[in-house]
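In the two assemblies presented below, subunit A is common to both, partnered first by subunit B and then by subunit C.
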Partner chain A sequence: MSSISLRTITKSFGDAMVLDGVDLDIKDGKFVTLVGPSGCGKSTLLRILAGLEATDAGTVTIGKRDVTQTRPSLRNLAMVFQSYALYPHLSVAQNMLTPLLMRDLTKTQRLPVIGPLISRAKRKALTAQVDAVAQTLKITELLTRKPGQLSGGQRQRVALGRAMVRNPVAFLMDEPLSNLDAALRVHMRSELTELHRRLKTTFVYVTHDQAEALTMSDRMAVMMGGKILQFGRPDDIYRDPNSLAVARFVGSPAINTLSSEIDEQGTLTVLGESMGRFSGLSQQSVVVGIRPEHLTLSKTGRFGGMVKHRENLGSDVFLHLVVDGHADVVVVRATPAHAPALAAQVRFTMSSDHLLIFGADGQRLRAEHTTSKVAV
Partner chain B sequence: MGNQRAYLWCIGPALILMFLILLLPIFIAAGMSFTNYSLGNTSADFVGLENYEQIFTRSTYAKMFGATFRYVFLVVPMTVGLGLGAALLINSLTRFGEVYKTIYFLPVMSALIAMAIVWEFAFHPTIGIINATLERGCGTFLEGWTWYAKGCARTFPLWLTDRDYAIWTVSFIGIWQGFGFNMVLYLAGLTGIPRDLYHAAEMDGTQSAWDRFCLVTWPMLGPTTVFVVTISFIRSFQVFDTVEAFYPQGGGPSKSVYVMMFAIYEKAIQQNLMGIGAAITMVFLGFVMILTLIQRWLVERRTHYA
Partner chain C sequence: MLNGFSTRETVKHAVLILGAIIVLLPFYVMLTYSFKSPHEIMTNTGGIFGAQELFRDDYCIKRGNPVDACMVTPFIYNYVTAFSKAPLLRYLMNGLIVTGSIFVIQVVVALPCAYALAKLRFWGREAVFGLVLFCLLIPVHAIALPLYIMLAKLGLTNSYAALVIPWTISVFGIFLMRQFFMTVPDDLIDAARMDGMSEYSIIWNVMLPTAIPALMAFAIFSVVAHWNDYFWPRIVITGNRDLFTPPLGLREFKGDADGDNFGPMMASAVVIVMPLIVAFMLAQRRFIEGITLSGMK
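Now for the complex of A and B:
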């Protein structure tokens, strides 16, 4: 068992606080994604876990061992870099062999010229290991090439292969897909999840792309401003975000946020229409979040608006609606067959079960919906 | 239709200048090397390969090659090695790097002929700082070294005028003067190595600085090294100013510092033997050409990382 735990990790570069007391527990074998906008500290957190960056305060524990002061090469972690960081002067096979040579051969066995002569049997075994990994990743025919002769996707695989050849405690990946084109990125997502299922090793994956986080991970940690705002299953985070920032960051297109009011009886009014009473909420201004898929076009809907912009994704059409008398633009998901034209007047309904209510400070207000008054 | 020839106007000026300034003088020198031409003479006799025969048979020229190769094969490895060492050390500093860079680069910027005068004083057998310093070590443990004891008993070497030491002393000044230049080239090469490669090496399990050097730094400096070595070779073959400053007549004790450039100068300018001077120049050009071809070959073959 080698679970990883980070305790009160703090890091600042000069005056800039990058990580502010971050706690994170990663269970053995999980695929955990750190996701957040650029500059949120996710890469720094990963590098602290790897040991490439020192913490100002806090501890890193792998298994039962405190590795805070251990150098990266002794932590037995493997990392895939955004730039792949392949050794350009070595062939693919040699690149993948390097971590094995560094770990399994003695200093004299690594010497140039003499080294290969005195450690022939050992090297043969290591080369066999490389071949096996190359076969899993389907890069056998690339083994003799140099990284300069490979495409982006192939380099990515080689970087992955270099990480896989030894059996590390965890794979750390720092935006490994961000240099690939869109189609390949989607393809690699499923390959990485497949790989994780087969290897059953911990993956810690950093990305700024919430879609990658949602599609691939067992657990995701949404980071912003040097803090983990929420940690949980992708489903839960999408459905049940703790704060407005998380709700806005996760999901594409973004969640609709509508400034609304709660009166003294606890009645919520959204876009001028009452959405029923919520117990436990006092009179205040709130922000209501509702996902585009929870708004439905309906001829008899309570809300009306004019189509200002259409986003056609093929399978869905997202309509940007201007609601009379309100500043907020509302995005509604529609099926392409029934999508109205630009500038058309449409009506839609809002299901109050999916309303997410956030206070003025951006924190989620969890309230019981008492009178169900679903719009017709 | 005339536009098809437009390229001639673009490459023409460069082509003409290159021909006039570079190629034509080489052809003239090549032609001259087969004659006994002297400056001022209206005509010259064709002597065939006589000049070349002299270069490869006479003992003076054997000394010339000896001095040149001694100088080159000491100065090149030392300037490259020290340049790399200094660059690595400076690169590892977080502070004062600029100061060291300036200090090591100063000799490169200074006029070698002026520095030669300073070194001449420093190496002076009686008033020079070098031997004066060495004498202070007499009577200490240093005398356990037989060479040192001998120096104390009699005198320390006459660095510049002893034929056993002269070429090495001149080489030392060449190293002192040249390694700063290589250091700057290596520093530029070092900044071009992606930090990620070191991190990848660390994740792959390298623990010692030596492993890191072998796995990342040295291979990544390959293109720089090819360039630095070639440049150092050419610069060392060209050594002239120190020799001319120390030994204006005759190329040092027993011609032990009679390097090629000085030989060309002595024959062609001082003695007005243009033919033989041109012949030495052609041999010199041959060496430089061979080095350049090796460099081209290495650049295209091995050290090119796309």
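Now for the complex of A and C:
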């Protein structure tokens, strides 16, 4: 078993605190995504796990072994970089062979000229490993080429191949898809998840793209300001965020957030309409979050607005509505067949079951909806 | 407009052509003189290659040879004399040894320095780099005397060491390679570390191959400067002619009792600059090939 655990990882560059006591447990064989806006410390966390960066405090454990002070190569992790980082002067085959040569051959066996002569059998075995991996990734015909002669997608595969040959305990990926064009990126997402299913090895994947995190991972950790705000299944994080920051970051288009009031009876008023009573909440100002798909166009809806902007994605149309009598803009998902035109007056309903209530400090207020008298 | 006449372009080219003529004229003179007989050189006749009429080699007659045996073709005479009067091959060899070892040692020193300055974080890095920049400002001639004295005290004058040692640490090389290494993505180095390479192995197996274009540029500066250097060899090589570098060899033909001997002198000058020109042409091709750093995005 080679589960990974990071304990109170702290790191600062000069005065800037990049990681502030981060704890993370990654179970063996899981696909875990670290996601967050740029500068949130996700890459630094990955580099600390890889051993490329030293921690100021805290420990890194792989399996049962404390590797906090261990050199990167001895942790038996493989990393795929955003820029692929292939050796430009070596062919694809040599690129993939290098980590094996460094790991499995002695210093003398790696010497130029003499080395290949005295370690012929060993090298043959290693080359066979490279060939096998090349076959799984379908890059056999690229083996003799140099990285400069490959397209972005091909380089991506080679970088993956170089990681795979070592049979690492975990794959670390630092935004590996962000240099690809949109279509290829979507394709590579499914390929990576498939690869993960087949290899059954731990993947730790860093991205700033919440869509990648939602689509690919078993678990995702949303990071902001050097902390992990929430760690869990993508589904749970999307449906049940712990804080306003997480709710805002995950989901595209972003969640609608509306300043609202709770009165002394616990009645929530959103956009001037009562949304029913919530037990356990005192009188206060709150922020209500509701996803665009939980707002529905309806001729008899309680809320009215004017279409200010339409985003047509083909399968869905997102309408940006200026709510009557308020400055707020809400985004509503509609089907293209029923989407009203620009500047049209529409009415919509809000399902109170999907309301997420956040306190003034941005933390989620979990409250039970007691009266579901939703006047439609 | 593509094929049309443009005054701007014409003027530009005229200026460039003029500049090229000014630079190339001495080379032209050197080359033609190396083909001509003394008479043609004095009277400035014979065109580019000279008439190549046989002429009498007075020195040969002085040694008691019959006149018939002393008639020589100017171009053969010039080049044969160049090689026979001075041990030109030996000088070329010295030049090769000296510039070659200077360049190799400069690279061995500069690459690790440049790598550390560009890619490793350590206390005082900026200060060290400041010192490198500062050293760029020191003219060679200002420190020539102290250098000479030190070498003399160590008993190293009149040796290859004296020709090589003062130039082994090239701050220019460190600076140039550091600037180049700054452009190499950190990911590449991290990938090498993940693969298990030591820092030295990264320098020689990853940085060196990616730095070939920059190294070629540095090689041109270094080799040209030290191949052509007259000043320093003149100072530290005082007696032993076996250690003469090619520029010192030219002194063999300076006017003496035999009178002027421009033909052979120019012939040896041609022989001396030829390796540089050939090396240039070869390096130029590599330059263009290597300048695009493929595979690193």
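We take it that the second predicted complex is superposed on the first by the 375 of 376 C-alpha atoms of A that agree within 3 Å, B and C clash if a C-alpha of one lies under 4 Å from a C-alpha of the other, contacts with A are read in each partner's own complex, and residues count from 1 in each chain.
To be clear about the criterion, a contact is a pair of C-beta atoms (placed from the backbone, for glycine too) under 8 Å apart; a residue touches a chain by one contact, two chains touch by 3 or more.
As the structure is a computational prediction, the values presented were derived from the model and not from experiment.
Peer 1: After the alignment on subunit A, I want to confirm one thing: do subunit B and subunit C clash, or do they fit together?
Peer 2: Taken together on subunit A, subunit C would clash with subunit B, as the superposition shows.
Peer 1: Pick one for A:99: touches subunit B only (first), subunit C only (second), both, or neither.
Peer 2: In the superposed model, A:99 contacts both subunit B and subunit C.
Peer 1: Going by the contact rule set out at the top, does A:120 touch subunit B (first), subunit C (second), both, or neither?
Peer 2: Neither partner.
Peer 1: Quick one: classify A:354 as touching subunit B (first), subunit C (second), both or neither.
Peer 2: Touch partners of A:354: none, neither subunit B nor subunit C.
Peer 1: With both complexes superposed on chain A, which partner does A:85 reach: first (subunit B), second (subunit C), both or neither?
Peer 2: After superposition on chain A, A:85 lies in contact with both partners, subunit B and subunit C.
Peer 1: I'd like to know which partner A:179 touches here: subunit B for first, subunit C for second, both or neither.
Peer 2: second
Peer 1: I'd like to know which partner A:197 touches here: subunit B for first, subunit C for second, both or neither.
Peer 2: Touch status of A:197: no partner.
Peer 1: Taking the contacts subunit A makes with subunit B in one complex and with subunit C in the other, which residues are shared?
Peer 2: Shared contact residues on subunit A (touching subunit B in one complex, subunit C in the other): 50, 52, 71-74, 77-79, 81, 83, 85-89, 98-99, 102-103, 146, 148-149, 162.
Peer 1: Hey, which residues of subunit C end up touching subunit A in the complex?
Peer 2: 185, 187-188, 190-197, 206, 209-210, 212, 292-297
Peer 1: Give every residue of subunit A touching subunit B within the complex, in rising order.
Peer 2: Residue list for subunit A touching subunit B: 50-52, 71-74, 77-79, 81, 83, 85-90, 98-99, 102-103, 110, 112, 146, 148-149, 162.
Peer 1: Flag every residue of subunit A that touches subunit C in the complex, lowest number first.
Peer 2: Going by the criterion above, the answer is residues 47, 50, 52, 71-74, 77-79, 81-89, 98-99, 102-103, 146-150, 152, 155, 162, 174, 179.
Peer 1: Which of the residues in subunit B end up touching subunit A in this complex?
Peer 2: 194, 196-197, 199-207, 211, 214-216, 219-220, 222, 305-306
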